[in-house]
Each structure stands twice: as structure tokens, then as C-alpha cells.
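Got some structures for you, see below.
Both complexes shown next keep subunit A, but they swap its partner, so subunit B is in the first and subunit C is in the second.
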Partner chain A sequence: MKPPTDRGSLALGAYVYAVLAFIIVPLVIVIPMSFSQNDYLAFPPSGFTLKWYAEYFDSRQWRAATWLSVQVALLTALFASVIGTAATYAMIRGRSRLVTVFQILLIGPIIVPHIALAVGLYLFFQTIGLSGTIPGFVLAHTVLTLPFVVFTMAAALGKVDANLEAAAMSCGASRFQAFRLVTLPLVLPSLASSALFAFIISFDEPVVSFFLSGVRQKTLPRRMFEDIEQNLTPVIPAIATLLIVLSILILLGAHVLRSRSVTR
Partner chain B sequence: MMEAGRSHFWHSDGRQLSGLSTLLLLLPFFAIIAFVFVYPILQLLVISVLEPHPTLDNYARVVENPVHMRVLMRTLWTATLVTALSVVLGFPVAYYMSRAKGTVAALVAVCVILPLWSSVLVRTAAWSFLFQRNGLINSALMALGLTSEPFKLLYTQSAVVIAMAHVLLPFMILPIYGALRSIPNDYGRAAAVLGATRLRTFLEVILPLSLPGVVSGSLLVFLTALGFFITPALLGSPQEMMISTLVSKQIREVLDWPFAAALVGVLTVFVTLLAIVFSKTLRFDRLMGNAS
Partner chain C sequence: MNIASARQSATGASIRISRLEKRFGAVSAVDGVDIDIAAGEFVALLGPSGSGKTTILMSVAGFEFPTSGTIHVDSEDLTYVPSNRRNLGMVFQNYTLFPHLSILDNVAFPLKMRGLRTAERHARAEAALATVRLAGYGHRRPNELSGGQQQRVALARAIVYQPRVLLMDEPLSALDKNLREDMQLEIKRLHAELGITVIFVTHDQSEALTMADRIAVLRDGKIQQIGPARQLYERPTNLFTAGFIGEMNFVDVAVQSVGDDISVALPWGETWRLPATAAVERLAAGEAAVLAVRPERLQLGAGSPGQVVTVTLSDIVYAGSALLLIGRLPDGTEMRARIPGASQLSSLAPGDVASFTIPTEAMLLYRGKR
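And now, the complex of A and B:
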């Protein structure tokens, strides 16, 4: 096809690039701001300094919040990918009559507003002492990330020929051996990328964390929320820049895993 | 929600798992969803009708108090504006993305997908920098001589609508893109061969066939916008609350649990009913980027 050159296409192109700028500019704007010497967040940024990064890394509060979020996100990634993969495998290889219930429960955490779940969990976890604890955050984030793990794993597992496992089993392998030695290696890239996505969803999750955070146990998003709400310090652009870099790394990782995937 | 007709998605031939293994593998999933999702939501709904005594008074307070009704109406209106803005901004991008090839396609895809996987707080914070008195937008307007006094942009409903549309735009673009990609190229060519202009081909062939994607994206954006918390809480005015910020206030400041539970009940039941009515059009699996 010839590249379209008429006026309509040009207008469409211009409009699309304007929208893309609208999408991207607010994200990248924080990068120059994070290096600005201004103590208040004026535009345009001036000078160059790393002091806001130093302030973030030197602050005990920011470090504690970050460490809490890292722990929660790592455990969430582990739990969600194991539980999600087990359930998906059962739905694909089993003859369960639970398909409809499974699908409804899977969609639930996506449909039901996070504020509703956050408030419900706030009340529930307070009565059983899980509020503001790592297990509490991990349980909540596992529920929020499970749908994404299941969608990814259903696509991957659905492409693995069931006869491969059947063949392994007819050669004497147990069901578990057949899964571990035949199917698992084939879906490993997808499993790893679903763990990456679960990690980043948990690490950035703001609403449930907001309600479950205690006075001392605050996740990074909760600390950021307070900072933005109260005084909006110039540390925020520095943290935002670091978080954007993290998102890029996660997406790159997922992309590499995807291109390596045998089951694609 | 995926309809029953697509349940082949879950089944493959070959030797099946025994009933017991299936159950054991599903058990952790059902346990955590029941314990950490179904139970807390049900408990809130029960509180909303049983406390302080079996009553619908908590719901009556939502609809009878004009202040609370205004919050509900503002929430519906804001979600509608955000959805409309997302369609207007998102459709052309999805269309362009579905036609683009090579580097251009990759560039557009990155612009759409990167924000989806970056923190909502980062994106909301960025808008609060942009909307400040001395932020980029006011600086640009004053430099261009369009205004001598900086506008009040932050803590307005417009700020909330713009920032929410920005955050939710990928949820609009990806389903439309999925629908556009599933239209065979031959259809456009056939229309062209039969003498249709490019505009007419678009209006009579491409647009109608892409509508399921538009409906799906609009629902996703609308439903998510109704319960959005972070952006209204940080960019909106305390005088112009949305339902989620009102819930937060009831819990954190007023400590009125039954009323907060009723507000959550209204929101959850409304969103769930809409999702059930449109269950056939909502395709969540597309959000992971696999247009399967």
C-alpha cells in the first residue's frame, strides 16, 4: 500500500501525535523536574542537582516505605503466580463444573471498585489483626493481581498440547512430573512475566494500601499520597522518575520473556 | 465476563486431571477469593442493612440528603465526561495504531502501554505539577500572553476529569484496537473496489465493526471512573466530592460505618449490575495485550 498523503490522513496523524503527547508529556515532565534546584516545584526547572534523590535515599521514612512495598510486592508475585497457575492448570486440564463460578470470581476483583474492597478489608482486617501487616497487604494484593496472572497463564497453558503430557505419562511419568518436566518449561516465560506484572501492580497499588496502612506500616504509594496531599515536596518527582524507570524495566523484561516464549 | 460459549478456552483434549487433583489445585484460589474478596464485600453489604438495626435508613440517607445526591450525580457526570473524553482522544489513536507498521507501530504501542504499567500516583502527581499556579500550563499560557493572571486549575473538577481521562485512556484504546485489528483487511479493500471513498469505507464498514470495542472500552473506563479514588482525592476540591472521596471521609473523619457501607453498597451494586448487563461485551483478557 502507498503511504497515505492526503489531507485527511495528515490531520489524523497530527491529532494522534497530539494525543500521544498528552499521554506521554505528563509522565516525562517529572524527569527534568527531579533534577531541578528549585525548592518549590516551579516550571521551568532550573539548574541540575541530585539532592532530591539523596533526600529520598537518606530518609528513613521513605526507605522504610519502599522496603515494605518491595517485600509485599515480592511475596504477592510469588503467591499470585503459584496460586493463579495452579488454578488455571486445573481449569484447563480438569473437567471442572466450576467454570462459570471461577470466571465470575476471577472478574470480581477487576469489576468491583477498589475503594469497596479497600473499605471492606479495612474493617475485616482490623477485627482479625491483619491491618497494617505484611500478610494483610500480601493477601489483598494477591486478590488484585490473580486475574492478570490467570489471563496470562490461560493464554500460555492453552497453547501447550495436552498430548505432550499424556505422552510423558504413558512413559511412566506421574502427573506432577509431566507438568514439571514438560509443561512448566514451555510456559516458564509466561509464568515469569505474570510474576513481573503481579510485582508491579502490587508495588504501585495505591487504594487498598491507603486504607490498610497503619500509622507506622506505610507502603510507598501511601507515603507518596500523604506527601502529595500535604505539601508536594520536590522529592516526589525524584521518586516518580525512579518508578517510571522501574515500569520501563518491568515492561522490557516482559517483552524479552515474550519473545523467548516457545508457546507464543 | 466471558460467556459460557467461550468455555472451550479452558478445555483441551488429552488426559484429564482427576476430580480430586482439580479440586486441590483450585482450593487456594477459591479460598483466598472467598476470604479476602467475597467475605469483606458481603460483610459491608450486611452492615449497610443491619446496623444500627435492620433498616434501609442508611440507603435513605444517601438518596434523601441533597448533598449526598449531588455527590452521586457528580460522580455519574464525571465518569460520563471522562468516558466521552477518552473515546474522543482514544479512538483515533486506536485506529492509527491498527494501521501502523514497524517502528511507528512500536512507538505508538509504547506510548499507550507504558502509562498502563506506571503508577497512578506518579501520573496524578504529574498532573498536580502541571496544574499548579506556577506549573507548566499556567507558565505557558502567560508566556503566550493568553492570560496575565494564573488560572486556578488545581482542585477543580476539570483537573479531575482531565487527569482521570489520562489515567484511563489505555483502557479505552486497547479494546478498540483489539476490535479494529479483528476486522479483515479485505473488507476495506472490497469497499474500495466497489467504489467507496475512504471516508465512506470508514463510516460504513470500519466504524460499525469497531463498535463492540468502543462499547467495551467505554464500559471499562466508565465503571472504573465511578469508583476512582486517588485522582479525585488529590486533584479535586473538597467541596466537590465524588462517591469514593465521600466514603473515605465517612470512614476516616466521621467514623460513620453503616453510612459508608451504604455508599459502598450503592456503588458496588450499580457497577456490578452494569457489568452483568454488558457481560458479553467486556473482554478483560484483551487488557494483557494478547488480542486472542
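And now, the complex of A and C:
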């Protein structure tokens, strides 16, 4: 005897697959277009060529934009993970009554629309001369990525028994040694994974970069927007494909790091 | 080697806690505590939660700084010295082993902090593990050990650098009952072997009575009584300790006269004459007092010398080595008796009225009402 068909679960299944399809469709369209022989964006693509990838790697402008984005993303990852970890540690272990205030300030950038943040930073940085500079990009991106670091590190630090540091100190460790030798190794996988997230968020952040980019200093996303307006060749899908691969590698890396911290 | 000679070769330090006070805002967690601990002594701090026992220990450990008062270890003032410079061993309630280090590296951690080289660190850590009967466990990870084994590793880590004082904060409360009793003996054995001074915080009175040379009973940040187990049990100095340590029957009485002996009026109209030594606190005629007696001091029947009470039994509980009889005195006050050798008492049933004799020397008198 067959079990009765459950219309509800059929509908749910269809819905889930539809959502997955909509998530994957852009990837399925963009990746083949990057290999297309046409000089304009067209789907379905015709032929196969790697010339758009070659154009990207050969262009001094593309390379300059990419190098700027890499520098900004690396520095952002460094600052956001260090500041975010220190701030989260203070919020979790501290006894201050201002903890709630700090919490709201730190995760604020998730709630505030990026466009509002971008306009504000643009006007501010213009007056103090940080617009279009690496320190300017790094400051802005650090603010944007801090919430992600705080969420990741709050989960990780919350699982570490505060008495472990007391035990280390009773063994003769200083306060800082207790953190460095006990707490830090225990949260290191989460710290690394939050730095990776900060890197990728900064690397393909378009809105704030659009406002802060100068005539010469352009991040990769900003340069891509310009190219879309002026040329719209398959170089854009080629770069998008490279970014997709990079993101997948980073997500895999973060996943490996986090599963290592679980088995500990 | 007997206990006395072990004491003499003791390597422990003496500890003097003077007028210790710790206030959190308006609340006094510790309120003027004085304790003198001799070198090599085992002292338990016993009290309900919120009695200040842990705050006292944390002040000795250096994790809390007192509002006022001093802590001396061997005449060195440690009151405001940071915890990592006190050289005291500490065992926490929840093992607190470092999960990312092997057992051997956990035990060797204090030696690493003291700058010893790896080879010597490991040799001494191995020796400490052998002391807690965990030789050969060094390569394992903390999560591969049972709770009792983990606590023994924590013990090894606390003693590996031969501190002169060992502080323990309810170290056995996370273990189940059998394991707890094993560990009590293990810690006692270590204490005798090492001659180390121990301060042991617990809320479990039988643990304190079993393990400690002296017990400090705490309540609301004040010491109620400090003394050896026998003294605490047989002549508690106030009503709180009388009720807190072991089981105790209390009867409200009125003091009629105080002289060579004391006469008290019982609630059901009788008057008893008790020896003057029964009064633990100073009593005056006309005052209210509480008569206290341990359940195991009551004797069934009216034959032997002492005062006789009649009790209407409500519950008869078979408790293995003794029979617990629960009933009410003529005025309704509850009275419990523990009678050993239960077999001949099987005829008693709830609702029966039984006579008990209370030997005069078993009765204690305190001021106030129960």
C-alpha cells in the first residue's frame, strides 16, 4: 500500500526548489557569458574564448582597481577582526552598564542603509581629505564589516568558560597571557573565519566605494560600474565569475575553520 | 608515618585573614571576618549560598580585592597582590582544564609560566599526574577524561609547582555521590602527604565534617562559629549553627530561674531543671529560650535517667542503620528521634503514643525563639 500523497509537502518542495533555482540562475547565466565570443553581452553565448579574462589581466586599469581593492580588503579584514574581537570580548566579559550601548553602536551599520552611511562618510571625508584614499576606504569598510565580526566572535567567545582565564591566572599567567594562551587559541578558528568574511564583504562592496572613489583611486566594484556604463563587454561577466570563485573558496575556508573549532 | 609527624614536616604556609570586608554597593558580602589558619591546616568554609564563603576564598586567591581588611600568607601581606603573583594553587568547581592542551601540557602550564624548560616541565608534570593516580594519561585531551579524572588533573595542575596553599572552590559539587566520596579521601590523602595548607569552600556539611581539621560556618558574611567538627556538632555556639549542622530538635521554653541549675517551663506545662552547663548563651529569668536536642540522643522508653517526653508518632521511616521516628509533643511541636537497632521496634505504628527519655547532658539552651 502506498502512503497518501501529501499535497502540502509537495507544494513546499516545489517552493524550495524554485527559491534555489532563482539563487542559482544568475550564476548559470553569468559564467557561460564570460566565455562568449560576442563583443556585447548576449545570452545564450556563442562560441568559446578566454579573451575577456586575458583583457582583464592585461589591462593596467583593471589591475590597478583590483590591487586597490585587495589592499583595502586586507587592511579591513585586519582592523575589523582585531577591533571586533576586542570589542566583543569587552562586551561579553565586561561588567560595564554601557554594554548595551556599545552593542547597538557596533551592529548599527547593519540597520543603517549603506547609502545613508555612504553619503555621510562622503561629506565628512571630503572635508578632512580622506576621500579616495586607502585609509578612507579602510575606515569605511571596517565600520561596515564590524557587525559580522561581532556576531561571529560573540558566538565563539560566549562558549569559552570565563573561569579558564581565572585558572590560567592562578597558574601564574598575567591577564594578557591568559587571553593569549587560553582564550585566543580557543576562538582562533572563528577569528580567522570572521576575517575572511570581512575581506570578501570589503572586496566587493559597491555603495560606499562608489561615493568615496576618486578620479584615480577606484576600487574594483566601482571600476566595474563605470565599465558597464561605457562599454558593457563580457569582461564584466569574466570578473564576476572570478569573484564568484573567490567567494566560494573563502566560504569553504570559513566552513573548514568553523568545523575545526567544533571538534575541539 | 602518623598524622602528628606529618604535621611537623608540613610545608604549608600559615594564613591570617583580618577584619576582611567586601561590599558590593550597599550589600556586604563579607562583613568583618577573622580567620587564623595554621601552617598545614585543612579549613573548610561552610555556609549557604550568599554567605560570603566564595568571596573570602576569591579574596585569598586574588580574584576579588576586599573593601577593607588584610590577608597575610606567612606574614607576607597579599591583600592587593594580583592573583598571578600569589603562588597559590587553585581548584575550581568546573575543572577549568584548557581544552586545547593535552593533559600533560595542562599540568605543566604553571611551570611554563615560571619559565621552566620543556623537559623539566614534563618530568614534573608526569610526577604530579602520578600523585593523583593518573600516570600515563598525559597525552590525552581533557574531553577524553571523566569528570572525576578531570578534577584530579586540575588538582595536579594546582600542586605541580608545590604551592604552600591550596584553595578549592566547591571542587566536588559537579561530581556524583560515589565519585565525590572517593575524591574526598583522595584530597585528604594528598593533604596529609604534601602538608599543604588547604582552604576548602563547600555548602555540603558532611563534606566539611569529613575532611576539615576546622570548619568555619558562615552566614550573611559573618563567621557564626569556627572549630573542629566535633565541637561544632556537639556544642554549636548559636541557634544558626545548631540548625545548620546536622539534624536538631528545637522546643520553645521560658526561663524561670537561673542559679546552680536552670529551670525552664515547657509549652505543655511541665517544669524541667537542667544543669547550668546546658546554657550555651547567657540566660536570664523571665526570658524566652530554645531547648535543642539531637534526634539520636533520644532514647525510647522511660527507664533511664533524664527528662521524659510523650510523642504522638506520625511517621516511622526505616533508614537502614536506624529507625527515624517523627511525631509531635503534647503542644504540637515536632520531635524527631533516630533509634539504632530497629528490629525490636517493628510493633510501632503511626498514631501510637511513645515515651522518650532525653538525657540531661544532651540538652542545650539558647536565647530567643526558634
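Basically, the second predicted complex is superposed on the first by the 253 of 264 C-alpha atoms of A that agree within 3 Å, B and C clash if a C-alpha of one lies under 4 Å from a C-alpha of the other, contacts with A are read in each partner's own complex, and residues count from 1 in each chain.
As a convention for this text, a contact is a pair of C-beta atoms (placed from the backbone, for glycine too) under 8 Å apart; a residue touches a chain by one contact, two chains touch by 3 or more.
Computed from a predicted structure; not experimentally measured.
> Give one word, clash or fit, describing how subunit B and subunit C relate on subunit A after superposing.
Overlaying the two complexes on subunit A (C-alpha atoms) leaves subunit C and subunit B fitting together cleanly.
> Taking the superposition on A as described, I'd like to know which of subunit B and subunit C A:113 touches: first, second, both or neither.
In the superposition, A:113 contacts subunit B only.
> Once both structures sit on chain A, report the angle subunit B, subunit A, subunit C from C-alpha centres, rounded to the nearest 10 degrees.
90
> Could you tell me if A:161 is touching subunit B, subunit C, both of them or neither one (first, second, both, neither)?
Both partners, subunit B and subunit C.
> Under the stated touch criterion, name the partner, subunit B or subunit C, that contacts more residues in subunit A.
B
> Once the shared chain is lined up, is A:68 touching subunit B (first), subunit C (second), both, or neither of them?
In the superposition, A:68 contacts neither subunit B nor subunit C.
> Which partner does A:250 reach: the first (subunit B), the second (subunit C), both, or neither?
The first partner, subunit B, only.
> After superposition on the shared chain, which partner residues are touched by A:27: those of subunit B (first), subunit C (second), both, or neither?
So A:27 only meets subunit B here.
> After superposition on the shared chain, which partner residues are touched by A:177: those of subunit B (first), subunit C (second), both, or neither?
After superposition on chain A, A:177 lies in contact with subunit C alone.
> Taking the superposition as given, does A:169 touch the first partner, subunit B, the second, subunit C, both, or neither?
The answer is both, since A:169 touches subunit B and subunit C.
> What's the minimum Cα gap, in whole angstrom, linking subunit B and subunit C in the superposed view?
6
> Indicate the residue numbers of subunit A shared between its subunit B interface and its subunit C interface, in ascending order.
161, 163, 166, 169, 175
> Could you list, by residue number, the parts of subunit A that touch subunit B in their complex?
Those in contact with subunit B are residues 6, 8, 12-13, 15-16, 19-20, 22-24, 26-27, 29-30, 33, 40-44, 82-84, 86-87, 89-96, 98-100, 102-105, 107-124, 139-140, 142-143, 146-148, 151-152, 154-155, 158, 161-163, 165-166, 169, 175, 197, 200, 204, 206-207, 210-211, 221, 224-225, 228-229, 232, 236-237, 240, 243-244, 247-248, 250-251.
> Spell out the part of subunit C that touches subunit A in their complex, as residue ranges.
Residues 61-63, 82-90, 92-94, 96, 98-100, 109-110, 113-114, 154, 157-158, 161, 167 of subunit C touch subunit A in their complex.
> For subunit B, which residues count as touching subunit A in their complex?
1-2, 4, 7, 9-17, 19, 21-23, 25-26, 28-30, 32-33, 35-41, 43-44, 47, 89-90, 92-93, 95-96, 108, 111-115, 117-130, 132, 134-136, 139, 166, 169, 198-199, 223-224, 226-227, 229-230, 233-234, 244, 247-248, 251, 257, 260-261, 264, 267-268, 271-272, 275, 282, 284-285, 287-288, 290, 292
> For the complex, give me every residue of subunit A touching subunit C.
Contact set of subunit A toward subunit C: 161, 163-164, 166-175, 177, 181-182, 185-186, 264.
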